[in-house]
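Each of the next two complexes has chain A plus one more chain, namely chain B in the first and chain C in the second.
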Partner chain A sequence: MDSVANRVLLIPCSGIGKVHGLIAREGVLRAVEQAFGGEVQTMCLPLLVVGDEEARRLVAQHPVITVDGCPKLCAYKNTELAGGKIARSLRVLDVLKEHKGAQPGTATTLSDEGWKVVDALSSELMGEVQALTGSGEVA
Partner chain B sequence: MAETELKVGIISCSGEDVPEGTISRLATRRVLELLRPGQTVTLCLPLFLAGGEGERAFARDFPTITVDGCSKQCARRGTEMHSGPVSAALVITELLPEGHRGSGRVSTRATDGSDEAAVQEVARVIAEQVDAILASPPHPPTGESAAASSCGCGCGTSLPVGAIEVGGQSVTIPGLPLMLQQCAQEGVMAEAADAAERLVQVVGIYHPIPDHERSGYARALLAAYRDFLESRRT
Partner chain C sequence: MPERFAVLPCNGLDKAVGPLARETALIVVEDCEGSLICPVLYQNTPARYEKPLAESPLIVIDGCGTRCASRIAATHGLRIARKLTVAEALREAGVAPGQSLRPGPEMLEVCRRLAGQLLTEGPSAPEPPPPVADFSGPVEYATVRHDKFVFRVPVRSGYYFNENDCWARVAGGRARVGISDFRQQQLGDLTFCDLPRIGATVEQFGELGSVESVKAVSDILSPFSGRVVAANEQVAEAPETINEDPYEAGWVAELELSDFAGEVDLLLDGEGYLEVVKRKAAEYRP
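Presenting the complex of A and B:
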């Protein structure tokens, strides 16, 4: 995971209580799947919750984009508490604003509308990754 | 939640880097929704650090089962580190033999029969553990997390709850104070012409607002927002 090619870490909250956490999770997975050249990678947020040394080292050394579902901002706060280098912070809330009236599904299963939101989120993530890798912010 | 009502907490790792994290998540959801609804609650694992004392009291007040995808056991370790000892700790890689852990995909977009079988088996084991705990309850939840678990969605998340009056009826909105806080951080001015519409937009993402009640919600949310801003000043 810590190869030169895997430069930007995408960390979703993956919250289990509401659909927003599932959208965050799937949006990141989609972005990782779509990324060419392996410029992005995800890691389990719970590793930071337990203070895993390797995980802490990774978030300190690589630019991180956090993706949060609800206003509690768990991905952002846990990454920050672990000493992470947060380059961008996205919120599902903001992506949903562009899909007014959408019924995205539940914390277990996404509807077709939910998957459209996921695709929009992953596109936004890839745009952020490209901005980071193209701007010289990534060492 | 009634003070004497015992519920079992289930904390899933939901790890997004391994397929077993998806199995832990889906099996936990299945128990919450289908197998033991009303008897179980959950909490997002990262909330132990990002949340407050209410979240950290979770395992002290609810007998808790952790469900981990891999041997790192982040759910068990995180719960014990930040909240309290757990009643049972399940690990997918120990529960299911290799070759029986689903398709190997992490996304729920294209799950297949093998994923379903894995989720079903893990959910069955979790439900067994729930039954065993409920058969000999150690104590009912009486602490801060029990009082805070009032968002009404069954997730166990202790979101602060707000209430407004719409059309003469009291409406409870989980997380309302956080939404108002978000608007304040965005610089929404209560006096602005579009303030009410902005509040309806933000709240409407989390709380369904019927079209015919939008104007009622707009008035009530604007009043609540004014109160919120005023309370921050005093």
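Presenting the complex of A and C:
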């Protein structure tokens, strides 16, 4: 991973058992799949939570975009606690505001509307990644 | 209907086995109408899951050898009824997990089989609860007197010392660490104590933190290797606690030990350190 010095880390909340958590996770996965040139990488939030030294080193050395499903902001708070460089913090609720009335699905299965929200989230994520990697903000 | 369980998965994302652990957990919960525990939310807000954990036996599902879910369960002293590490199960079954973070139909079928095995295996003996580390027992002290100075050393009380005047009091697989009475008298009134981070690991004789007085800064070198599970905020707020009670209230950090048997021979017990203090006291010039 460190072979790409300016790689951006995308860290979603754990969010298991919640539809907004599922959207956060799927949005990050979609962004990683769509990215080319290896400019993004995801990271396992539980690794940070249990104090994994390598995970802590990576979030301190690479810019991080956190994606949270709910106001508890688990991804943001735990990344910050681990000493991470949080460049941007996205919330699924902010993306949902642009899709008023959408019924995204359940905690295990997204509806078509839910996948549209995922697409919107991943587009926003890639926009932020490009802003970070293209603007000189990333060393 | 199978027995109802609370399920704590690692919910990992950076290896293929993480999503498999997640999918297996979701199937288990659906099939037994159990409760799903978010590992990160539980670590941050354990009270949220008190009810399901009190009502149902716990299944822990890890993806890889890092075993984040098991570690979170251990941190909170949870009793695990059944556990699964997906990477190990796949290895035993001769199945390769692949690289994708999205399990395909074949891997989802594997997850269904793993979930079924977890739910249908006979009631296993619950894992013994983690040993309780009790540091409240009485401490027996010997004293070394030299000139007007009196130095205390705990003896026959489970304390071990390194040559840097740092002690570890061992109980139930854990140890509390601090500096000796001799060291705190050498330093004088302490003004600052730098605590280690919870979750940090330390090698034997590695730096665990430091204390500072008007005279000097002194590193705390850990007598044992382990993982920091607690830090004594009281000594950070009131470093003089270490001066007043260096061996009990003045503990600095608590470790989960990683290799007590392999490391203890490199340390001194109380009686051994007593001889060291006698020698140092004879040369002591404040």
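Annotations
Criterion: the second predicted complex is superposed on the first by the 137 of 139 C-alpha atoms of A that agree within 3 Å, B and C clash if a C-alpha of one lies under 4 Å from a C-alpha of the other, contacts with A are read in each partner's own complex, and residues count from 1 in each chain.
Here is the rule we use: a residue touches a chain if its C-beta (ideal position, glycine included) is under 8 Å from a C-beta of that chain, and two chains touch if they have at least 3 such contacts.
Being a predicted model, the structure only gives us computed values, none of them experimental.
After superposition onto chain A, partners chain B and chain C are found to clash with each other. In the superposition on chain A, A:Arg25 contacts both chain B and chain C.
Of the two partner chains placed by superposition, chain B and chain C are both touched by A:Lys72. Of the two partners chain B and chain C, it is B that touches the larger number of chain A residues.
In the superposed model, A:Ala131 makes contact with neither chain B nor chain C. After overlaying the two complexes on the shared chain, residue contacts for A:Val49 are found with chain B and with chain C alike. With both structures placed on the common chain, the touch criterion links A:Leu96 to chain B but leaves chain C unconnected. When both complexes are overlaid on chain A, the residue A:Ala60 reaches neither chain B nor chain C.
Shared interface residues of chain A (contacting chain B in one complex, chain C in the other): 12-18, 21, 25, 28-29, 42-47, 49-52, 72, 74, 77-78, 108. Residues 12-18, 21-22, 25-26, 28-30, 33, 42-52, 70-75, 77-78, 81, 93, 96-97, 100, 107-110, 115 of chain A are the ones that touch chain B when the two sit in their complex. Every residue of chain C that touches chain A in the complex is listed here, in rising order: 9-15, 18, 22, 25-26, 30, 36, 38-41, 43-45, 66, 68-69, 71-72, 75, 101-102, 197-201, 227. On chain A, the positions that touch chain C within their shared complex are 12-18, 21, 25, 28-29, 32, 42-47, 49-53, 72, 74, 77-78, 108.
Residues 12-18, 21, 25-26, 28-30, 33, 42-51, 72, 74-75, 77-78, 81-82, 106-109, 153, 155-157, 159, 175, 178-179, 181-182, 201-202, 205-206 of chain B touch chain A in their complex.
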